[in-house]
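Two complexes, one shared chain (subunit A), two partners (subunit B, subunit C).
And then the complex of A and B:
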């Protein structure tokens, strides 16, 4: 199996696997792709100007003209949700990218480096793990000044220890495999050993965590925006949309219900995709009834 | 055991120092003049200068750090720019109310997650399992603040099953003893009032617990599945033990320990999530204090909340660690 040789697993294994996906899995992954495309092109698909205030159209219920209705300022909610997709999801992905890269570097360092480095990184990750991520990022974002980029920086600073811990576990597990010993005996250099033999195999499991984390980070980012420390008005970030609608829930419940439902559906899909990837990665889970 | 407790206690100051250092780092991140931020928007020049003096901003960084640690140890977390009282006094006033909410949410969490975990493990792979897992998945992915608003709208404003917001009926006088409304109502001997306060806390506690139920039920489910597959369960079954006894006495007792660890960690996380729940339901607490501080741009109060939460979480985790050793003798041997 290409898994063991650690050689171009994407070209071999991945395409073979797509063929074997069930209908359910194909549906989930297709939905994820649609969401990601919306995040990239959402602004161009919007039927109305998401920032155009038109008080005559204030709080119109969902209709064929305005699919998701309008908010108190008469702005088309469907357009705002589409534009909000890019602020919400791209900032989520930025957090995860940072956390995964820094976590991989420090996790590998902890697993293969000197003992004191391991101790320091693990103690930091202990504290970060016990600390509610929401509060830690709240503190950082408050210090940096309320804005979406502060929220992103704050969460990135909060989220990497989880990845460091995970990568460390994977690397330590791989480090003792026989093929690593064999490669070392064949005289493979230390760098090549790490970058060609250990890391590719250790990181192959990481994308499951990354997929599931999208929903976790999305929930925290929208939460920060909701309490007013993330995205600021007139941003259409999804959490900010819920906060915008909050005071008008009695007159127009859709202004709260729809953006929140969009967050929830996105989070569910990324969670299901992560679960599906986990099973694809390790089919023995099927037997254990994990699916 | 004593050795473990001592060693664990010795770790506490180290962790608290890490938390304090983290908070000092946060203050360094504040752009511009932190003294102006700490003194508030309407501060006079003298007030800003006094604040500069207090924060020691004109001194070298190391000295600032030392004096910050010194002030923190002495409980000086600064003065709020919107209540004009020391932040620590403010937080002391509202913390019991948050503990009350977290405790209620934890009760709901345990009462729902344990049966859920056991049932999904027993019926794994069946439709019951699938349906219950979809529900827990929704619980884990629903944005807490949104669920709070929607339930408040549906069950509070539309159906009038639950009060919309607050902690007690308006006009009701409850003498403050512990700061926890339900306990104070009970202590006053007024039973109907006690049930009313329970009615007020039910919805926020449920909303707070939803995302945690999913995690604890899932942990218990996989623990139960592992145990149910083990040899001693097969043996017990072969000896003709009743199903009920098998699951409760043999399987659950062994499977529940990892769940306890998770439940313990959840106390800290729940306290963090009060930020999203308390202000929606108009409850007093550290969470709504933090959100008000954010809106008032009272940055130092927000940072003080981080510090206090850090201390509380550290202490809770200490108790959980020790409690776990008390429950599970196996852990005591490995780590004596």
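And then the complex of A and C:
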């Protein structure tokens, strides 16, 4: 994985692969890029101040002036969704990055280290697995006090065991492959064996898990905000937007439906991107016409 | 090359016994009192059935048997490999002793480009990228690749079996080793490609004055390549000698049985192909006395109780059997 080895994610092969993507896959990647750009620059693109309360414009339906309508306080929903993208997605990515990095380090340590280390790491992850992630992070978040950052910390602490398990399994599988033995016979050192031969082959499988997890974490973060443990009142985090709107679902259904749809579409897109990303990153998956 | 160097054997395995200790069990002796020598530029074939200890011997030379206990010595250019530490061994592995394997698809890293895999051997030894690249390109064209530059940016799965085998040879030879261990290098290839690869090895070994250990159970391939043959059975050497002596005057019943079971063009098609009854015993269930006694057709009472010593009949032809055959060529 590029995060760990700093290698091969963006390379010539990457561009070559992009050329051979189907229209459908290009569309998904384009959409993901738009979503990520929104997360980064959303605040500057917003046509209105997302926090400006104007009770005269309360609960206006979607129109050319307010694309997504307005909420009960007269705030422009489109601006709020754009701004909310950064809190929702960046916190999701922070959780995934932490979980993947910590999971990779601990999983690799468990797979290649001494037996007792494996036992400790795996038993801790067993404990974490015994609770559903949502319940466990609920507990963490409640203990840390309700805020978006405590939701992120809580989720990060509950999410790594999945990666540790996954990485451990892949590393154990890869370390018995013949090319690892062959590399040892060429005089490759233990560290180089791990970082150049074992990990890249093991982590190639993580891309898919990561993209699937983006949608899962996004849903849990939105869920935590929705029940009031994550992002708090004026925040435009997507889950909080749905929570704000739910009291007015009859008077202004768009205040719930639109943020809900945005969460849903983003989650689906990341899931679909997982499949396509696998094709790009696995050089052994060839397509017609590719050289 | 100095005269002192050319007199010194490249590899000298003496009284080598290897045992492994499985968890909660008593040690198992997998290699028993092995003796053989490889001189500079010499090609020695180790033959024998599956389970006779050929690959274990190769792994022992590389010192890559995890948890094995060694007795005796494996001297490479006079230095005992058993006594070397991991750092010294890393210098030797791939640098002075290189190895090629049976299945080239599973022994090449699937997500590393061929070029990286060849140059890696040099770069871990401190050669810079450019000169590593140049040496690799030169070697690839020596190995018969017409466009070495395009090979560089390809992945292993994009090649045919024969090409991959040549890539493996390139990886093995790039650091200019003195000893090449080829562990059944042609078993996974069809006959035409086998011949191609063996010819290539032949030319390269001659050109680069390589000593080669060829591990094989294909007596045909061995006859065309080796100077000397070591016949192994159940973890020990049963007979060794020059390729002429082994093929024309085999003494040990096992060697003779191996040679007998090669199909020939002019054999009587009505007769069944001769074969050796039974299978190689597991290391913990070896018969007492001669290890081959339970499958030998000439077995006598003595064989079942006493292990035969080596009898030397020519300067370098020796066998371990009480009742050697004398009927010459098969």
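Operating definition for what follows: the second predicted complex is superposed on the first by the 264 of 291 C-alpha atoms of A that agree within 3 Å, B and C clash if a C-alpha of one lies under 4 Å from a C-alpha of the other, contacts with A are read in each partner's own complex, and residues count from 1 in each chain.
In this text, contacts are C-beta pairs under 8 Å (C-beta built on N, C-alpha and C of every residue); 3 or more make two chains touch, one makes a residue touch a chain.
Remember, it's a predicted structure, so these values are computed and weren't measured experimentally.
In the superposition on chain A, A:227 contacts subunit B only, with no contact to subunit C.
Once the two complexes are laid over each other on the shared chain, residue contacts for A:64 go to neither subunit B nor subunit C.
With both complexes placed on chain A, subunit A has more residues touched by B than by the other of subunit B and subunit C. When the shared chain is aligned, subunit C comes close enough to touch A:188, but subunit B does not. In the superposition on chain A, none of the residues of subunit A is touched both by subunit B in one structure and by subunit C in the other. Interface of subunit A with subunit B (complex): residues 123-124, 126-127, 129-136, 138-140, 142-146, 215, 219, 222-223, 226-229, 239, 242, 246, 249-250, 253, 256-257, 259-261, 263-264, 267-268, 271-272, 288-290.
Against subunit A, in their complex, subunit B makes its touches with residues 15, 18-19, 22-23, 26-27, 29-31, 124-125, 129, 137-138, 140-147, 149-150, 153, 157, 222, 225, 265, 268-269, 271-273, 275-276, 279, 290-291, 293-295, 299, 302-303, 305-306, 309-310, 313-314, 317.
Across the interface of their complex, subunit C is touched by residues 12, 177-179, 181-189, 192, 196-197, 200-201, 204, 282-284, 286 of subunit A.
Chain contact summary for the complex, subunit C toward subunit A: residues 62, 64, 89-95, 98-99, 101, 103, 106-112, 120-121, 124-125, 153, 155, 157-158, 171.
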